[in-house]
Amino acid sequence: MAKLYFRYSAMNAGKSTAMLQVAHNYEEQGQMVRLFTAVIDNRYGVGKVTSRLGPQRETEVFDANTDFLQVVDKKIACLLVDEAQFLSKEQVKQLHQLAQVRGVPVITYGLRSDFRGEPFPGSSYLLALADDIEEIKNICSCGKKATMNIRVDDNGKRIKDGEQISIGGNESYRQACGRCFYSEIH
Amino acid sequence: MAKLYFRYSAMNAGKSTAMLQVAHNYEEQGQMVRLFTAVIDNRYGVGKVTSRLGPQRETEVFDANTDFLQVVDKKIACLLVDEAQFLSKEQVKQLHQLAQVRGVPVITYGLRSDFRGEPFPGSSYLLALADDIEEIKNICSCGKKATMNIRVDDNGKRIKDGEQISIGGNESYRQACGRCFYSEIH
Amino acid sequence: MAKLYFRYSAMNAGKSTAMLQVAHNYEEQGQMVRLFTAVIDNRYGVGKVTSRLGPQRETEVFDANTDFLQVVDKKIACLLVDEAQFLSKEQVKQLHQLAQVRGVPVITYGLRSDFRGEPFPGSSYLLALADDIEEIKNICSCGKKATMNIRVDDNGKRIKDGEQISIGGNESYRQACGRCFYSEIH
Amino acid sequence: MAKLYFRYSAMNAGKSTAMLQVAHNYEEQGQMVRLFTAVIDNRYGVGKVTSRLGPQRETEVFDANTDFLQVVDKKIACLLVDEAQFLSKEQVKQLHQLAQVRGVPVITYGLRSDFRGEPFPGSSYLLALADDIEEIKNICSCGKKATMNIRVDDNGKRIKDGEQISIGGNESYRQACGRCFYSEIH
């Protein structure tokens, strides 16, 4: 009865920390896990999961061509996937089948929606299919729970339009509650 | 700090019962709620929410043209929406703003994915934006937790292809776990 | 991998409705369940679970002498227990073993704390041992989430002292949020 | 609408890591938090919270005489308490009032039950009163979810009897699922 888990949050909540802790917990028991992150995530270098608390470790990477049903051998205790919002529909279905048909627990971590409030494709399918959905909470600068993400330019000014994934720009992101997200002040 | 809630489940879990109970709880306190269901749901007649335990009550209906920001007066304690998988993207954003900007708690009930394992549009946006996501659990005929839905024809034979919403056919639906959903036996 | 579930709430949230729905869901699949409630609960007559929405059904009863490991045959799909705050420590351990050792899913419904804010004995052990803890939400008259219970006499005046269980009195109970519970106004 | 949170787990799940991450999240927003741990916890030295991933930081400590209503100034964004199973009943009520009456969010982390399956006093009251209960999951050596704790002597042999808190002994603890907890093999 293995499950597909999706642990979502807004930016900066501690998804990578949580994933490193789960890997540690399994390995402390002598059990083998495999960790993946998206090739697209080059904040800290390809193939690395980094906690803002300090710890980091190298991981395998997935890109649009990765077939998890091929890549994952059955003899692991758990498959961990960071930046799961970048998975394709087919990859989410592979992960769902890994858990439900082959019995490999799969825990994925990712954002739900982009800076426009639009779902990421990977997250849409994870939210639709995951056997267990859990929020990793974070706070907005106003003190309320953050559920949304805001894109800002290098002057700190909010950007409301553009492509879902910005390559090579100077944009950055921060979390916000729904009220601040819809506010014209920001 | 009102919230947008999405309480999802597979078929036949008791979503309508849960919604009638919440309405009862508010009204017992002397507080006013408004209930909506989708016009498309004519299982029991347009504008009716029916618990399989027996209780039912008439509701307002929404269709593709409903603008909840116009329709909902601020002076209610809670807005309840059944068959929320049929909401449009714009309607989910209206409900999110009703909760986050205007302070009206909104509780929505619906399915996550259709008989092909594809997300419903309304559910994709509810899962991406809701402040609180909660599962109403049900069981598969095999005893595992049901998370998926299966379409069967009037001979009880499973149908795997077709339109998301079947109008005027004799199809029916039942819940299934992931393992049974992917099984070729069914 | 059967589990012991504890679904708790304050007064009047819909615990009995939820339990009747789960029984219905199992039976609709042709699976057998057994329902118990406490002998002490004579609100609606001994051995009856009644939803405030209308539906009710007769149940078996437990008292201080019930040994669930003796009473429950392995061949049921699920054991459902209402008014679970009245279970003894030993009975909660029996239910935990039924789930974890014998593989019978056990779902219990009950209050957490009494009108003084003191835990019920059964709930203390359920909260300590249950594999899955889930809240059935209700609202306070002020609109916040209710988590506490208040005892009132037949003039509607709040009573703050007395025995945990009042036999034969005219007291009644209503739910409250923490803020109203601690308020001197009530 | 501040809340009292109780985030519980069995041994070694990552409670301290989670608490350090939350503190980091608040401080990254420029908001002030205060961290406490029990004086009794001298695994790593009094007044220190240590993640098994590496990070650690000094904290304030509480003992049986700490009155949180006196100690905690209103002008903090969040109060964080580790080893919360060692709180007294009165201290839990203080924390509940801090959240519900004074509006200070309080997040507590702790174990639910000891090596005999008995609730810790602090946890009994946290589980009875917390506005939000959340599990931090861990796995048993058998691969199932761990919910219980086992005491072992310095030869690794399981100890089933004794005081709840062992001072100066060589005992250690590990997490277990319910099935392994009740097994005679261990």
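Lettered A, B, C and D in written order, each chain numbered from 1.
Throughout what follows, a residue touches a chain if its C-beta (ideal position, glycine included) is under 8 Å from a C-beta of that chain, and two chains touch if they have at least 3 such contacts.
Quantities reported herein were computed from a predicted structural model and do not represent experimental measurements.
The greatest centre-to-centre gap from subunit C, using C-alpha centroids, is found for A. Here the spacing of subunit A and subunit B, counted between their Cα centres, is 26 Å. Annotation: 38 Å between the Cα-based centres of subunit B and subunit D. Counting partner chains per residue, subunit A shows two or more touched chains at residues 1. Chain contacts here close into one cycle, and each chain has exactly two touching partners.
By the touch rule above, subunit B contacts subunit A in their complex via residues 1, 4, 93, 96-97, 99-101, 112-113, 117-119, 123-125, 127-129, 131, 133, 135, 144-145, 147-148, 177-179, 181-182.
Chain contact summary for the complex, subunit C toward subunit B: residues 12-14, 17-18, 20-22, 24-26, 28-31, 51-55, 77, 138-139, 141, 143.
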